[in-house]
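What follows is chain A paired twice: with chain B in the first complex and chain C in the second.
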Partner chain A sequence: MQEQIAKLFPQATFETVDNTLTVTIDDAHWHDLATYLRDQLHMDYLVTIVGMDWVTSLGCIYYMMSTVDNKMVAAKVSTTDRVNPYITSVADLWAIAGIYEREVYDFFGIIFVGNPDMRRLFLNIDWKGFPLRKDYDENDPRNAVSIENERQTDDTYTYVRQADGSVERKSVPVFMPDDFVVNIGPQHPATHGVLRFRTAVDGETIKKIDVYMGYIHRGIEKLCESLTYPQTLPFMDRMDYFSAHNYHHGLCATIEKAAGITISDRAQVIRVMMDELSRIASHCLFIGTYCMDLGATTMLFYTLRVREQILDIMEKTCGARMTFNYDCIGGVMQDIAPDFVADVKALLEILPKNIKEYNKIFTGNVIARNRMEGVGVLSRQDAISYGITGPSGRASGWACDMRKEKPYSIYSQLDFRQVVAEEGDSMARFKVRLQEMEESAHILEQLVDNIPEGEYCVKVPKMLKLPKGAWFDMYEGCRGVFGVYVESDGTTKPYRLKLVPPCLNLAAVVDHITRGEKIADLITIGGSLDYIVPDMDR
Partner chain B sequence: MQDFAVITNWIHNFLVSTLGCAPWLAVTIECVAVGVGLLLLYALLALFYIYFERKVCAFFQCRLGPNRVGPWGLLQSFADMFKILIKELIELKNIDKFLFALAPYLVIIASMLAFAVLPWGNGLQIIDFNIGIFFLLAVSSIGVLGILLAGWSSNNKFTLIGALRSGAQMVSYELSIGLSVVTMVCLAGTMSVTGIVEAQDRLWFIFSGHVSSIIAFIIYMIAGTAETNRGPFDLPEAESELTAGYHTEYSGIHFGFFYLAEYLNLFIISGVAALLFFGGWMPLHIPGWDAFNNIMDYIPSVVWFVGKAIALSFIIIWFKWTFPRLRIDHLLKLEWKYLLPINLFNLALMVCIIIFGWQI
Partner chain C sequence: MPYEAWKDNEYIEGLVNELRENGTNVIVGTFDKLINWGRSNSIWPLTFATSCCGIEFVSLGAARFDMARFGWEVARASPRQADFMMVAGTIVNRMVPVFRRLYDQLAEPKYVIACGSCAISGGPFRKSYHVAKGIEDIVPVDVFVPGCPPRPEAMIYGIMQLSRKIKVERFFGGVNRQQKRQEYLNLVQEKQS
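Take a look at the complex of A and B:
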């Protein structure tokens, strides 16, 4: 791959960071390289854009993955201008890039020329400064947080490069003056958290949705930069709180890889079992709340029954039902509870019966089928372009399960099926999750009697320092790919910790798949995507 | 069979001859007494229904339901209603205050008027006149006006969408209700409520009208559920979409009125179903089984009517806690493409049955 790129872009320089080929290129050739990577090398899945402040320069690292052969490539683009840092936008190549670029703009102030919507993403529009820049000073009175009411604007702006090379700022309307805009959220029963959709409707039909995020943005990435590595872990419980174990697992595994720590087999198995238990619990809650969104309240209680049983198992071992903080660097916090095995077996016993019951009550119901089949169809191509991973992506026919595609931990030794559906509608997303519960149960069946003996946590240094370098890894959360980018400058604290949540993409795609559907379908579609707001907001 | 006319006549005679009231005064006193009784009954029924629905729904959902206030939580709905009574009526800016205040009363008046013609028992009926069932259909349609006004006057986009949905839904489903009522009126040969009950002296209409009655009954139950805005047809107040639909902006007793009216409409819909298909207060009679019929007659007629109405409302509550909600276009499609043509066909079928004298 390196030769192919070098032939066409002689100015590019190459390095290998954490087994990923990283191409450094200047901004003038970046768009051409991106087009080449996407079209010729099939790098059609843009995993993330990591904004970076290298003090001497500002820039981005683009992580791309091929859906054909799972190869990855990274591209570094930077600019030394800190006042007006311009980088060419790739929003025209990957649909999700527009949102990623807004995030980078929000935190680093890098302006993406050609991005049609260059508003802030998470922070208020009256926020001053760019908090993830290394020279940002939150105590500076000029950066004080505004306590005025947030202004509301129907306009956004875009930056366009003129023929003479200068960049001009243009105003673009989000909504037309005669649009009937209904504000759904931030407090609304169906947004599953504090997310806000400004929805332009024509009668019952949706014309456009403008998503506002950031109502529970806590600046986790910024906070992590001033904390030691073990101290960053508890935040993982507070992103996607339904896949807390999976996220913990992901961050711990990346840090362990960077520090060269090998954990025991027992810890590996416990981690995987906890991940799969989380997945079942999370999908149970999805089914319950989704049915409730569609008006079938009773289903919620039937699914919560199973979830409750899983939370009991976790409570016995982790001491908590929600923010477990169980995985730690080197293994897990404490050994499993004495009746863990018996409890998991009891769960595996009742699970198939319950899934059968869910199908009986809900899946076959004619009203449910009318509401879900053919509603919110997301094609495979769009799913990849928007980076929709997890069950929602697999429902569109994209095999994107990182447990299979880039196996980590002990997943390569386990026998399970990657559930993929072709339809891409809400029903497919619902069914994929139902089947994934069965697959997770199958994984648990293989492990429950084979938990190896050994220590549950290996010794790690009290003050953990990572060597200089950068690492990027992808893990499978309950809602999709959870990416972790760690850059270390050799100290006990991360220089940059970028967390890539799946739910940001899920919220970003809502506008695309709800256009022309009914208001009631917004709830069907939003529910079937199953986004978690703290996860996208971080 | 007990006849309540005996008691009502006795009261009238007592007032006129024993107390020596003028006939106009006696009628006035009786009207006031009936009015107060009706209001009390209205409130008690609503409270009962709130409790009933919460318990039924709890058992469907593997819960216990209210069980803290009073024995088996019986006083819970009294406590709730008392709380609603003492709650503040929140004043909103930029709304049409008159219409906003009027709407809940329209809704509640509609359901109260419908109460007047229900056949509570043998001789126990407030007004009995020759177009009773027609009157009932007419007054219950006033309710939709209240809902439309509530949605419009709140000056809120959610309530407006809720009200428009509600308008479309109720106007459409009124057709189905009307046609299935007409089908049964054909069978009874009268629009008088007493007449309809007495026509079922031998056998309830659901049995005597062959398949045609059964079709009419099923359509009536579906349309009736839609008419009361209850799940799976609760689109006007679809919680997950429109927060609370047309009554989002109401508080205190004004909200309470909508809440009560919903439960009372549930009772009225099931009461009318009991009247049209299950003989109203008429006990279960089977032709030829005289001993059985006599035993059935010992059960008071009020018990028959209220029992049937509650059993039918149980079915409607069952719908609500089982099915997901329909979408507005599916809802209208169901009415206009399926229920209406089937209903028209059914009406013709019923007419044939009557012309050829096939009814049992």
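Take a look at the complex of A and C:
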């Protein structure tokens, strides 16, 4: 791959960062390179854009993955101008790039020339400064908490490069003047958290949705930069609180890889078991809340019953019901509880019966089928372009399960099936999750009697320092790919910790997927995507 | 719950004494009792959850913890129909005006429970650039429930405390603690200066 690129782009330089080929290229050739990567090398899945502040320059690292052969490549683009940093946008190549670029703009102030929508994403329009820059003043009184309503505008901006090379800012309206815009959220029981949709409707049909985020943006990435590595872990519980174990697993594994720590087999197995238990619990809650969105409140009580049982298992071992903080660097916090094995077996016994029951009560129901089948269809191509991973992506026919595609931990030794459906509608997303619960149960069955003996946590230095370098890895959360990017400058604290949540993509696709649908279906489509708002906002 | 099991009897008794010192009319007092009995046993929450703590609030509504036992299960989606607001989750800068507006829209008499360390002080995110350091600076709070997240049992305890507070209130005559917006702003200013 390196030779192919070098032939066409002689100015590019290459390095290998954490086994990923990283191409450094100047801004003038970036768009051409991106087009080449996407079209010729099939890098059709843009995993993330990591904004960076290297003090002397600002820049981005683009991580791309091919859905054909699972190869990865990264591209580095930077600019030394800190006042007007311009980078060419790739929003025309990957649909999700538009949102990613807005995020980078919000955090670093990098302006993407050509992006049709260059508003801030999480912070309000009058926010002063760019928080993830190293010279950001956190105590700026102009950013203090205020009970005055934030300024709203109906315009967005786009930056266009002129023929003479200068860049001009243009104002574009978000909605047409005669659009009828309905505001849904942020306080709305059906948006699953504090998310806001500005919805343009034509009668009952949705014309366009403008998604507003940031109502629970807590600045986790910035906070992590001032904490030591073990101290960054508890935040993983609080992003996607249903994937707490999976996210912990991800960050711990990346840090362990960077520090060269090998953990015991016992810890690996315990981690995987906890991940799969979380997955079952998470999908249970999904089924409950989704059915509630459709008006079947009773299902919530049925599914929460199983979830409570899983929470009991976890509580006995981890000591908490939700924010476990269980995986630690080097293994897990404490050994499993004495009745862990018996409890998991009891769960495995009742689970198939319960899934059958859910199917009987809900899946075959005429009303449910009418409201789910053929509603909110997402094609495979769009799913990839928007980076929709997890059960929602697999429902569109894209095999994107990182446990299979890029196996980590002990997943390569386990026997399980990657559930993929073709339809891409709400029903498929619902069914994929139901089947995934069965697969997770199958994984648990294989492990429950084979937990190896050994220590549950290896010794790690008290003040853990990572060597200089950068690492990027992808893991499977309950809602999709969870990426971790760690850059270290050799101290005990991360220089940059970028967390790639799956839910940001899920929220970004709402506009695309609901166009032309009825407004009553907005809630069910959003519910079937199953996003968690604190996860996308971080 | 037996009397000894409560942790803050002194505080509630202090409140009762204070009210008594102001003198109570016998007839009105009896009405008060009757109305408060009704009010305290059917406090309706506003469905308001921003993050993790909200999920525990959902568990509270389900069969295991079953808040319907106490008459709190009627979670309202509109603040105009709710009696109290369980602030479950982090409140960030962008949410503050919305949150304040929701509070303003609650019908009188209204109550606020700060649930979880985020609502109390900003919790694990206290040092963040975009998190309000406790909701007490934004709205008056009646009960604090610590925890990250508080267990559902703790939430039950917290709401029961609220019922107890409601029971000793005087419904008639000048106790509805509506704070006018200007009054509140002055208070905040005083606090800051």
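The rule is short, and it goes like this: the second predicted complex is superposed on the first by the 529 of 538 C-alpha atoms of A that agree within 3 Å, B and C clash if a C-alpha of one lies under 4 Å from a C-alpha of the other, contacts with A are read in each partner's own complex, and residues count from 1 in each chain.
Assume a residue touches a chain if its C-beta (ideal position, glycine included) is under 8 Å from a C-beta of that chain, and two chains touch if they have at least 3 such contacts.
Computed from a predicted model, the values in this text were never measured in an experiment.
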{"item": "Clash or fit, chain B versus chain C on superposed chain A", "value": "fit"}
{"item": "Chain B versus chain C as contact partner of A:K356, first or second or both or neither", "value": "neither"}
{"item": "Partner chain(s) touched by A:N124 [first = chain B, second = chain C, both, neither]", "value": "second"}
{"item": "First, second, both or neither for A:E148, with chain B first and chain C second", "value": "second"}
{"item": "Partner chain in contact with A:Y215 - chain B first, chain C second, else both or neither", "value": "second"}
{"item": "Which partner, chain B or chain C, touches more chain A residues", "value": "C"}
{"item": "Contacts of A:R417 with chain B and chain C, given as first, second, both or neither", "value": "neither"}
{"item": "C-alpha centroid angle, chain C to chain B via chain A, nearest 10°", "value": "50"}
{"item": "Partner chain in contact with A:P189 - chain B first, chain C second, else both or neither", "value": "both"}
{"item": "First, second, both or neither for A:F301, with chain B first and chain C second", "value": "both"}
{"item": "Partner chain in contact with A:A520 - chain B first, chain C second, else both or neither", "value": "first"}
{"item": "First (chain B), second (chain C), both or neither touched by A:K170", "value": "neither"}
{"item": "Distance in angstrom between the closest Cα atoms of chain C and chain B, superposition on A", "value": "5"}
{"item": "Set intersection of chain A contacts, chain C complex versus chain B complex", "value": "188-189, 300-301, 305"}
{"item": "Residues of chain C defined as touching chain A within the complex", "value": "47-52, 54-56, 58-59, 62-64, 77, 89-90, 92-98, 100-102, 124-125, 127-133, 137-138, 148-149, 151"}
{"item": "Chain A to chain B touching residues, read off their complex", "value": "180, 182-183, 188-190, 201, 204, 291-298, 300-302, 305, 361-362, 365, 367-368, 370-371, 518-523"}
{"item": "Contact footprint of chain C on chain A as seen in their complex", "value": "122-124, 131, 136, 138, 143, 145-150, 186-189, 193-194, 214-220, 222-223, 226, 234-235, 237-238, 241-242, 285, 300-301, 304-305, 308, 321-323, 533-534"}
{"item": "Of chain B, residues touching chain A in the complex", "value": "57, 60-63, 157-158, 161, 165, 231-232, 234-235, 238-241, 243, 321-330"}
